[in-house]
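For clarity, chains are labelled A, B, C, D, E, F, G and H in written order, and residue numbers in each chain start from 1.
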Amino acid sequence: MNKEDIRVILEKVKKGELEVDAAASSLKDLPFKDLGFAKVDNHRSLRNGFPEVIYCEGKSLAEIEGIVKEMLKHENNILASRAEKEVYQRIKEIAPEAVYHERPKMIFIEKQKLKKTKSKILVVSGGTSDIPVAEEAVVTAEALGNSVERLYDVGVAGIHRLLGNLDKLNDAEVIITVAGMEGALASVVGGLVDKPVIAVPTSVGYGANFGGVSALLTMLNSCASGIGVVNIDNGFGAAYLASTINLQIEKARKEG
Amino acid sequence: MNKEDIRVILEKVKKGELEVDAAASSLKDLPFKDLGFAKVDNHRSLRNGFPEVIYCEGKSLAEIEGIVKEMLKHENNILASRAEKEVYQRIKEIAPEAVYHERPKMIFIEKQKLKKTKSKILVVSGGTSDIPVAEEAVVTAEALGNSVERLYDVGVAGIHRLLGNLDKLNDAEVIITVAGMEGALASVVGGLVDKPVIAVPTSVGYGANFGGVSALLTMLNSCASGIGVVNIDNGFGAAYLASTINLQIEKARKEG
Amino acid sequence: MNKEDIRVILEKVKKGELEVDAAASSLKDLPFKDLGFAKVDNHRSLRNGFPEVIYCEGKSLAEIEGIVKEMLKHENNILASRAEKEVYQRIKEIAPEAVYHERPKMIFIEKQKLKKTKSKILVVSGGTSDIPVAEEAVVTAEALGNSVERLYDVGVAGIHRLLGNLDKLNDAEVIITVAGMEGALASVVGGLVDKPVIAVPTSVGYGANFGGVSALLTMLNSCASGIGVVNIDNGFGAAYLASTINLQIEKARKEG
Amino acid sequence: MNKEDIRVILEKVKKGELEVDAAASSLKDLPFKDLGFAKVDNHRSLRNGFPEVIYCEGKSLAEIEGIVKEMLKHENNILASRAEKEVYQRIKEIAPEAVYHERPKMIFIEKQKLKKTKSKILVVSGGTSDIPVAEEAVVTAEALGNSVERLYDVGVAGIHRLLGNLDKLNDAEVIITVAGMEGALASVVGGLVDKPVIAVPTSVGYGANFGGVSALLTMLNSCASGIGVVNIDNGFGAAYLASTINLQIEKARKEG
Amino acid sequence: MNKEDIRVILEKVKKGELEVDAAASSLKDLPFKDLGFAKVDNHRSLRNGFPEVIYCEGKSLAEIEGIVKEMLKHENNILASRAEKEVYQRIKEIAPEAVYHERPKMIFIEKQKLKKTKSKILVVSGGTSDIPVAEEAVVTAEALGNSVERLYDVGVAGIHRLLGNLDKLNDAEVIITVAGMEGALASVVGGLVDKPVIAVPTSVGYGANFGGVSALLTMLNSCASGIGVVNIDNGFGAAYLASTINLQIEKARKEG
Amino acid sequence: MNKEDIRVILEKVKKGELEVDAAASSLKDLPFKDLGFAKVDNHRSLRNGFPEVIYCEGKSLAEIEGIVKEMLKHENNILASRAEKEVYQRIKEIAPEAVYHERPKMIFIEKQKLKKTKSKILVVSGGTSDIPVAEEAVVTAEALGNSVERLYDVGVAGIHRLLGNLDKLNDAEVIITVAGMEGALASVVGGLVDKPVIAVPTSVGYGANFGGVSALLTMLNSCASGIGVVNIDNGFGAAYLASTINLQIEKARKEG
Amino acid sequence: MNKEDIRVILEKVKKGELEVDAAASSLKDLPFKDLGFAKVDNHRSLRNGFPEVIYCEGKSLAEIEGIVKEMLKHENNILASRAEKEVYQRIKEIAPEAVYHERPKMIFIEKQKLKKTKSKILVVSGGTSDIPVAEEAVVTAEALGNSVERLYDVGVAGIHRLLGNLDKLNDAEVIITVAGMEGALASVVGGLVDKPVIAVPTSVGYGANFGGVSALLTMLNSCASGIGVVNIDNGFGAAYLASTINLQIEKARKEG
Amino acid sequence: MNKEDIRVILEKVKKGELEVDAAASSLKDLPFKDLGFAKVDNHRSLRNGFPEVIYCEGKSLAEIEGIVKEMLKHENNILASRAEKEVYQRIKEIAPEAVYHERPKMIFIEKQKLKKTKSKILVVSGGTSDIPVAEEAVVTAEALGNSVERLYDVGVAGIHRLLGNLDKLNDAEVIITVAGMEGALASVVGGLVDKPVIAVPTSVGYGANFGGVSALLTMLNSCASGIGVVNIDNGFGAAYLASTINLQIEKARKEG
């Protein structure tokens, strides 16, 4: 396609419809621009309604409002993360269809209805305090067009709750495990299934937990193979990775 | 299937072919055993020849030899990681078909020819010193039945080399990036594609590199979304995760 | 006992009182459920009134109230840790018998009077600032049914105070040492007695104390053998461990 | 007893059998000496044959030989830890009854046959590489007079192996869990039982394992209550602590 | 020049115009004083209007006001960093010409118009959240008399934006790169140009970012040669260093 | 003296004036009590008016008031550290002679006029922000009876200010250096003098300063020999150590 | 120039001398290739003989020999860093003109005589043990065409040696300071001059030096403005940065 | 004295015996030179025979031999630290009077007999493994002219050994405590005496000891006031500091 664009320009030059100088100018930066657009196009082809994303932490209300206003000019859905309630209240004024997810502090503006995938992402979490991060993963994965299931409160200190839900583990194509404290959940899940497991350490805990470092190290050192780890509390990133996996699966299913 | 086994026993009890006591005994631990076998079966159904794996570091020659001898009794392929040359020489005596991969220090014994996947895993690496870890990923991924491509020596300090190989990035279903020093390669690759990226920090570097911690943190904090990180120098784990992803894709392709 | 349940089902199947399908279903997850109940039963048999526990930090007033209301439906005692005064005020409305322990910020609702153990847990602490954590251990251990003694303000910078209280050390079956700053108390106590010593580092201190890490490392590296360490400020965990020890002792005393 | 000694001296002074000056001198440091002897006596009363212990790491062959020779003058058993094979060869020359435990690198000289306890310590370990540390715990606990059971190779990545051995967990009075990598074993065991659990992190692993720090943090942050942690690779310390617990239980059993 | 001062004194002594004692006294500490003045003079010779600088963080309003009042007695420009808005409001009362730069929280009082350099400093930044630090660099560099260009929002996750602005990189004599998260921008820029690159890690990020440590390590370990790193968020220091470089270039240009 | 007490008791026993039992009881814990009193007596003999000390951080107003009221019953001076202004206001009501030192947040109640030492402690500090810690050292050292001199604002970035004050360094018997940021002041001072230098790192700084760790490490690694380091911001401890040194010197001067 | 290349192709297309397809192919990746060559050309224009560089650590003798052989085909000089003596011996066989610098372990093959710059880089170092790193900087800077001066053994513990050499500091355009232990040298030098200072922490030291981290933090937190820090022991990187600065100065001197 | 030198020069200038130019030259750097000599002179005045010191670690045999040869030209004693036996063998050839201290790996060449101080330094150590560092302190302190006493093997796990030696603590003017593992010895000693205590953490230990960091933190956070800490294993530095204190005391004793 990029080559096609170049050829169009060259044909015009050949036919004398375009000056050499003008052609040279437009050719010079083309590949760099293509780098950026390629990715966007790639999204488009597969998923209409793919959202634009704003990370709200550290931005003022005015800044966020400005960005959202700009985004609203396009037809895309909009997903805002780490958004306090007051952000939602401001956004709602300019986008009444905005929905607020309170626990993960996310706002979703669904301008185009997404078609959900057939394959599923399962979000598994340890303790009740890990739920906000787990929900950030759920809301993100859904906004990216995935079918999502939840399996909460199955920490390893009460292993029977996890083992009593093996069906859910077996039913999903991709699994996200969210756990704080010592974060051992990822290892146990990774030992039970043979599919992609993404691990999100949370900052839940105190003392020698060091704001989630303990769970992070646990996950990086897991004795179960095949676990990919994201940053502490990064439910968004885990869902994004799970989604790239799931959409590859979906694509393969459709294209054979 | 598990339920099926239980039903068989129950039918026998019903018909009086099996004593209640004997049935109770065999039922008591069944689910626990199933936990272990389920995973193995899952493997089998999809991939004949799925290898058994030995991590050699910290094991004596005699221990390794014993384990391999035991494994050779089954029909599975065998993959040994972190194996010094002398390990290979010992193994070769009992398994002449063993092949030694010198840079990643791996031994592969292929007793059953694996059918390669249609979808591809691409292993991208930064500097020449990262190649042993990259090769650990390549050999592992291939031993697990995946088609694998290499793209080496494309570190971000010479970004044109990476950009000159966009086709390779576009052609793969899953990408593994291997990088030491500051490990920025994962972020740049993650920014160029919209598919699963697995990042392996290597311990290449010195001083404030802290044996790979610098690259590890870089990857965990990547500004590109959708990157799953594994432990430092863990080429094996990255390939294992990439393989679970790729096999899910392959399965979807076949099953529709 | 678990085996007994299975046998009951099998007998019914044998007698035709239960369908094979129904039996299979109820057998399938039994062992996992048993895993959870075994522990609870184990508690019951020994200690009536064993409390249910809530960790309040990071939970909203509404969430805590909901959980306590649910718990109040059973006959168990209830112990809430890390509970600010306002939590107590809310709880008191629904459970007027609730008692607030101000320094350790704990609430105890004693619905069944506990019989105290004959053997004793001694809680030893260094400075005045360590007392809240020490009291968390005291209140927890008492709520778990143990006889508890206190020995406070015996930091190693004034070693004569500790040495002047050797009787108390000799009288207890299990000792919990609570200390911040450099945490040397555990080593000195561990050198004076030959019984289980549990060490709780506290976050008391500043600068190179790193929020309790200094005391934690001191305790892990103690030159006195036989010291078990828990997380920083984790008075609850220390008491829980001390209690499992003490109840084993008590059980042995009774059962011979 | 101490008071008794003082009274004897006082009686002699009273009767004029002892000069005031001489009495004063011998009284002056008595309590300090008692501090040391009390502990030894305490051991004696319960356990004849309680071993003297040498930590060999960092000591020369000559130094170790000298210490053992000195120890051999008493009737006590002798336990040497972190002893390379050449240490054993030297010791064997002066104490032919010395036994070498190769994996934990320990030497035991049993001059008095120990009577084993009725209650049991169970040593549980994760991977094969953790066995040397687990064996250090086993040999130590046995040398201290305890009955010990082993449950090895039950890492959480294959949870069915642990769950298939619940009887062993139920049978023991005290449990030591030994695990490297991410160290999640302690949490899972702690969730399955309601008895004292002592956790030993091992330095097994690489990269972000940081020589055992990952497993150490996991154990300190365990979501299961009642776990006491010792230093990395400190099988000896874990066994010593388990032994103080077990001997308290044994004492209670005997004394009622 | 220093030597000149000494000679003047010596000549006076020689001519008998100055007592030996008085001369000795004034000579005694002269070199130490010169140490301080040399630097100031060095500034003067090149740059009239070189600013005096106040770091406001941790100083009270009254203290800052006092310092500025003192400074206003001289003819120099004044630059205040890390100044909250209320500081500005107070300063404005005594120096109405003070200008407040809101994002970098800096106040500049330009009493002497600075002549800008011919050579340029380019400030490049990754994400929007890095802009306050980038602006601290811009305002500082300008206050020190440099021509400054901006190139913002060119993070490596969208590498095409940076590559589309190669002209700006080529046009500058010194480049400052400001980046948080994983801080890979410095490496990519360092790989594209062959001129001095100064890297400022920012504290933007969360979790395993550790307040900017991740970006700091990335920059110190850059695989691109020739990058000088300053402290986290230290836009001022980066600009100061860039300015010493740029002024050396300017001086060489003028002096040939 | 201790021996004297014992002899008195023994004489009474000998003469029959004291029962053996009563004597035994009072002898039993004597040495431990002596441990505590020895230190106090040691103080007394040398320094009348030696203050009692309260560390206020983390204590409530009521607690502090209680402790001070208790202390006021004795004739000693009282020194309260880390005391907010409201603490002073409360204390002033019960001890009108209390003096508040605002910058180091200390309260001093001088009930007995101290005689100052002849030898001097010099407190040297780097930047203005280090002054509160430096003043904590000054006020403490004075309250302990020492003559104290100040040399402030002589950071190594303007080395001429320090070098212009060599007399002060030469005049003191003990030197305390207080510095934040990189803390290089201690090394430079240690290189200029050959007397005891005590180094106090302060938490002044940001980013890779890590709350004073940078300065702490600098001081521990000083290439100048003979520097003793105290905890971050611990002006009190530095002064206490300097005082023990200075009082030893003073004692030697008097006793010859 | 790049645009010129494009224009040449376009003219050929216009004239029909080149097929559209062939032109499109060669245009497609041109800009990426240009990214790489631009930097090289930039070098060339200013400095003939600019060296190619090999980092030998972690490469086998055979690998290094292969790389050097390849490099020898071009006319460039060659600089090999971190090269053990045996590397030199091998290289000498294929490049007899190779010179070995023993202390910094560098090999230089000067095939084209470099013209030295007029402006100077001064390399200042603290202790004797820092000299290998300082020499790495010297040899590198010279190989890059710079005039270099040395000022060694002027650590801050003997500040008079540094102050006795102010002329050397005044004479240089760029200063590299190399220091281990506490690394305070950079701050003192930075306080004495007003020119670019590049700081290299070395791993010289022990204990709380943490392999150079202490010196690294000191330099990052320097209270003197305008210091750029490179990785621990990275003499090469410091020289490379100093060289980019010095060459900019040189260029300005020539071009005016 | 310095001023005297200046006056001599000025008088000559006044009398015309010295040219102004020559005088100016010799005056210019005088004060800097004085900085260096002042310290040396200060030593001399008090202690003839004060040793020159070499730190051998990281220096080649040839380098050490060269330095010692140079030193032997002066009359001073020579002290070499961290010297392996082979260093001693080489030194002995050129200085047969050299004495080797094996445990602390120090060489002392006593060319002038030192007069020992009347006041004493006591070196206290915890375990046997700490003795090499303790002996480094002893040998250093003696070489610097101090009377030194030893009190070894009095670790806090057997507190009675320390308490049984209170006389030794009372007899010394300055105390050095050397301890590894958890390093609690410093706190206990600091609590027993009211004199300068210098604490040396050692790297003795394993696991979470982190090469001495645990003991270092313990000492910095000691709850006993008045403890100055030096770097890990830095027996030399502790002795040097103790010596500056002791010599100040000695000087005061003599001068009154």
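Convention: a contact is a pair of C-beta atoms (placed from the backbone, for glycine too) under 8 Å apart; a residue touches a chain by one contact, two chains touch by 3 or more.
Which chain is which protein? Per UniProt: A, B, C, D, E, F, G, H = PurE domain-containing protein.
As the structure is a prediction and not an experimental result, all values here were calculated from the model.
When the partners of chain A are compared with those of chain G, the chains appearing in both lists are B, E.
Ranked by how far their CA centres sit from the centre of chain A, the chains are topped by H.
Counting the residue numbers that touch the partner chain, chain B and chain G have less than half of them in common. One finds 40 Å separating the Cα centroids of chain B and chain D. Distance from the chain D centre to the chain E centre is 61 Å, each centre being the mean of its Cα atoms. Shown for chain D are the residues that touch two or more other chains, namely 29, 31-32, 35, 158-159, 163, 191-192, 207-209, 213, 216, 220-221, 225, 231.
Looking at which chains touch one another, you get A-B, A-C, A-D, A-E, A-G, B-C, B-D, B-E, B-G, C-D, C-F, C-H, D-F, D-H, E-F, E-G, E-H, F-G, F-H, G-H. For chain E in complex with chain F, the residues that touch the partner chain are 29, 32-36, 57-59, 63, 201, 203, 211-213, 216, 231-234.
Of all residues in chain A, those touching chain G in their complex are 2-3, 6-7, 10-11, 13-14, 16, 20-21, 23-25, 27-32.
Of all residues in chain B, those touching chain G in their complex are 128-129, 158-161, 163-164, 204, 206-209.
For chain H in complex with chain F, the touching residues are 31, 35, 38-39, 42-43, 119, 163, 166, 173-174, 191-198, 216, 220-221, 225-231, 236-237, 240-241, 243-245, 248-250, 252-253, 255-256.
Considering their complex, residues 126-127, 155-159, 163, 181-184, 187-188, 190-192, 205, 207-210, 213-215, 217-225 of chain F touch chain G.
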